[in-house]
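Chains: A, B, C and D, in written order; residue numbering restarts at 1 for each.
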Amino acid sequence: MEFDIKAIRKDFPALNQNVYNKPLVYLDNAATTQKPQCVIDAITNYYSKQNSNIHRGTHYLSQQSTYAYEETRKNVALFLNADNEKEIIFTKGCTDSINLVASSFGKKFIKKGDEIIISALEHHSNIVPWQILRDDKNAVLKVIPITNNGEIDIYKLNDLITPATKIIAINHVSNSLGTINDIKKIIKIAHSYNIPVLIDGAQAIPHIPVNVKELDCDFYCFSGHKIYAPMGVGVLYAKEKWLEEMPPYQGGGEMIKNVTFDKTIYNELPFKFEAGTPNAGGVIALNEALKYVLNIGYDNIAKQENILLKTATEKLLQHDDIKIIGTPSLKTSIISFVINKMHHYDVGVILDHYGIAVRTGHHCTQPVMDYYNLPGTVRISFAFYNTLEEIDILMFAIDKVKQMLS
Amino acid sequence: MEFDIKAIRKDFPALNQNVYNKPLVYLDNAATTQKPQCVIDAITNYYSKQNSNIHRGTHYLSQQSTYAYEETRKNVALFLNADNEKEIIFTKGCTDSINLVASSFGKKFIKKGDEIIISALEHHSNIVPWQILRDDKNAVLKVIPITNNGEIDIYKLNDLITPATKIIAINHVSNSLGTINDIKKIIKIAHSYNIPVLIDGAQAIPHIPVNVKELDCDFYCFSGHKIYAPMGVGVLYAKEKWLEEMPPYQGGGEMIKNVTFDKTIYNELPFKFEAGTPNAGGVIALNEALKYVLNIGYDNIAKQENILLKTATEKLLQHDDIKIIGTPSLKTSIISFVINKMHHYDVGVILDHYGIAVRTGHHCTQPVMDYYNLPGTVRISFAFYNTLEEIDILMFAIDKVKQMLS
Amino acid sequence: MSIPEKEKQLIAEFAQYDDWADKYAHLIDLGRKLIKYDENYRNDKYLISGCQSRVWLHAFLDENNKMIMEADSDSEITKGIISLLVWLYSGESPDDILAANENFINEIGLKEHLSPTRSNGLASMLKQIKLYALVFKTKIQQNNNNNG
Amino acid sequence: MSIPEKEKQLIAEFAQYDDWADKYAHLIDLGRKLIKYDENYRNDKYLISGCQSRVWLHAFLDENNKMIMEADSDSEITKGIISLLVWLYSGESPDDILAANENFINEIGLKEHLSPTRSNGLASMLKQIKLYALVFKTKIQQNNNNNG
């Protein structure tokens, strides 16, 4: 497919609006992405024509919905190159997926004194579930440190692993710095000790094609809303052998085969892990979003996003008083920066008035901020629909910010 | 407001379609309800104009979204007559809400040998979470029996309560029989022993105005999708004192105040219980759905649904070979029935070909089916948008079913 | 007749009916003609799970290494569908059964039974039949090895 | 001047500026004019949580039972906002402070700071100020009772 940025921007209605009478420059894509019209239409269409409770009904609408829902599961399996669709569990988001694993894997496999390894580069969603598990089970939480340029210090991993290590949970891409971690190597090391690995893929999936078979990860988690799908939908990929052994996370309708008050027999995979009425409308829209991404192509996405990353980085570094936090060798289109003596909040508020949406603060990665001894940063994060003109607007506004705050 | 059924039906695009070349007769409202255009528009509008990650952003879209999300929380609090909006937690559905309480309340308050009371009339979503808790904690699950007409046998409750009873969880309205339970009385009895009560309100909220203050329930749970809102959104009302004492359910972004690897300080209510990016689009659409319901008015809803219930009941009972399961004195517009010697699945499949959507099977209430010694029933469930003409079509089709199956 | 030939015949048979009601009437009729199920096999061991209606299925290998099936259901429609499967596959070799697919259902005009709902038994029935076939195939190979 | 009078003056003051940038410049200016914060109170005990920027706030009752406040922030904009609150409420009686509302923020044209985002401190600041006022009010009442 040819990459026609003008045509692509027309696909996203939210991009074509003014904010404070200025054209919106949306540079907060790591927080959530805007939705193409086809995704919005999929939701509208679902609720206008198909809406029905799935899996339970013999009637037409229910069968249509079930079919579309299960087709999505198949497509997600293909998208991730999973062995089969039983390995795909729909959740409400990446956080939900990680909590599911921490709770269910933890119930079965973590005992007092067992060790869990995460990294110092994690989002709170990949820290707190493990802390809860640690506290529940009297386990130990160990942290792989990061290097000064913002990479997970893989060489420290071997020192942390002991016979008590039961799981390693790390992110594929850092949401605050953009670091692409060498998860393949980490997984290899872990597997050489027979330790399973969970990958928090929230920030990878919109930018990098993910092949769970090649990675050989045990768990891979992501959120729909960060890959152009609606909120309220997430994915957990897990190797079948783990899902078979793990107890269910939640109890409720359709995750069971048979219920008496004494004993309940759980349904087979993947249903065992999907209690309650699923967000079928959201899941079906996720299918559209993934199709849209594949249609544009990860290579085109990378090309455009790299141009944006490189250009913005160069222009920012022309300012003596701007420092980019995190300089890993491989990164996605995220730039975290600070302006000397200026508070990130002030910078964000003023940029906002120029129509520019950025994120400021700790980005739910307080330990990363602690490492750099910063209260927070300004973060810009590009999607393929951003433009060089938007970078010019940003640079213009940064000049204004500096005038106002000095 | 005047109740104009023709105008109302026009509000629901999904109702105006054909299935197998016959006009859709949607009688599966207890499974999920169709959505009015205003709710669909709210979603479209959200993703076309507001979409943004909430609570985390200083920028315009994020503030707009946050505002709309928090407005919904206030409106839900008003809708339920809660003391304040901190008592409203957004979840992904009723099942999620119940699991949250079973897990978090359970962690703090349930010890070995403690007793949990549910009823024999519960949906699996209000059984299995308590079984999981029972098994985790070595607790005891006790069950209030039902009477032959399908009501919770309140007089048995006193016998079941002991000093070890820590919580009672029952439904407001039965999804398989339609029984409206006298929860006010149950709550009173429970409170006289200082036992908190969770109400599964999934089937009540679309039909009956709920006043949590008047009921004095400790927890009240419901799903958005059963009250004309999208899937993937649920509500947990809980008294502030419980939420303050309960540990968080899930860990992740924005439910924390401060994270270090040693210790995490949780955010205040209600955020402590909302980990991860919430389904803001869905929540905001829930606001529209509640407004829509209030605008029609619960009195108008009850009036129309009672006419439908009465008419359908009478017409079904004209058949000697049809038996209605569950004859409580108070019920919502749900009718479960069996036709002598005919399998519910066969009845459902044939009705489907006449364009009629009903539910067949155990309706996720296997213990109720066991009580009546039935493999399942055919269930019709009306919403206010159903019509007397639709009942005529149903009766015509039932005649056909009987011809085909005898 | 081979399985594909039987499928063709079935498709032709159902093509006579334009109306869904006639199709279902015929399907129900076929179910009613199924030979009486051996009560010894009417228990949980032979129950196929994943159906809203109950389906019992029992199979064995005859002296010619063909798989013989018997089945029953408490639902008339499901019984009709299982009778199609019995007619198609019973008496065939495990290999042929393993090679078969369910497309004929679509062509018969009973597509709605193909959808992957859990309340729908067709997928579960086919899975169970193929499982039987696989077990018998392995058994035949073992016998051959032992004899060879 | 009463609090409502001060609010009116503030609104008039800000009404001079049409442009948001000028408004913010003025706000930042006001923040910079805030009296230097007493370093003894720059610690976690006086930190207002719920703001993206850090805000320290400290208050005491003077001999006339008026509440005196001092505050600081590491953000210039937040410091500007807190300076408005200090100017409005410091030196007023706890009762008057408890009766005040935040509508003036809207009228000043800083509405965006009213939104209930957790990154936004205004709601937290006001809450903290009212909490102080409540504590002091109770204290005054107790004193009155003890003396009475």
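Everything below uses one rule, namely that a residue touches a chain if its C-beta (ideal position, glycine included) is under 8 Å from a C-beta of that chain, and two chains touch if they have at least 3 such contacts.
Given the structure is predicted, the values throughout are model-derived calculations rather than measurements.
Engineer: When contacts are scored as defined above, which chain pair ends up with more C-beta pairs, B-C or A-C?
Structural biologist: When A-C is set beside B-C, the one with more contacts is B-C.
Engineer: What is the distance in Å between the mean C-alpha positions of chain B and chain C?
Structural biologist: So the centroids are 39 Å from each other.
Engineer: What whole-Å value do you get for the distance between chain B and chain D if each is reduced to the mean of its CA atoms?
Structural biologist: Using C-alpha averages as centres, the distance is 44 Å.
Engineer: What is the distance, in whole Å, between the centres of chain A and chain B, each centre taken as the mean of its C-alpha atoms?
Structural biologist: About 30 Å separates the centre of chain A from that of chain B.
Engineer: In chain C, what residues contact two or more other chains?
Structural biologist: In chain C, residues 52, 112, 119 touch at least two other chains, as defined above.
Engineer: What residues in chain A touch two or more of the other chains?
Structural biologist: Residues 20, 56-58, 60, 62, 254, 345, 349, 352, 360-361.
Engineer: Make each chain a node and each touching pair an edge, then name the shape: line, ring, star, complete, other.
Structural biologist: other
Engineer: Write out all the pairs of touching chains, ordered by chain label.
Structural biologist: Result for touching pairs of chains: A-B, A-C, A-D, B-C, B-D.
Engineer: Any idea which chain C residues touch chain A in the complex?
Structural biologist: 49-50, 52, 112, 115-120
Engineer: So in the complex, the part of chain D that touches chain A is made up of which residues?
Structural biologist: Listed in rising order, the residues of chain D that touch chain A are 20-21, 24-25, 28, 52-54, 74-78, 112, 119.
Engineer: Show me the residue ranges of chain A that touch chain B in the complex, using the header's touch definition.
Structural biologist: That would be residues 13-14, 17, 19-20, 24, 26, 28, 31-32, 34-35, 39-40, 43-44, 47-53, 56-62, 92-96, 98-99, 102, 107, 120, 123-125, 127-132, 136, 141, 143, 223, 225, 230-233, 247-248, 250-256, 258-261, 264, 275-282, 345, 348-349, 351-352, 355-361, 364, 366-367, 370 of chain A.
Engineer: Looking at the complex, which residues from chain A come into contact with chain C?
Structural biologist: Its residues touching chain C are 54-58, 60, 62-64, 66-67, 70, 254, 257, 267-268, 271.
Engineer: Taking the complex as given, what residues does chain B use to touch chain C?
Structural biologist: For chain B paired with chain C, touching residues are 20, 343-346, 349-350, 352-353, 360-361, 375-376, 400, 404-405.
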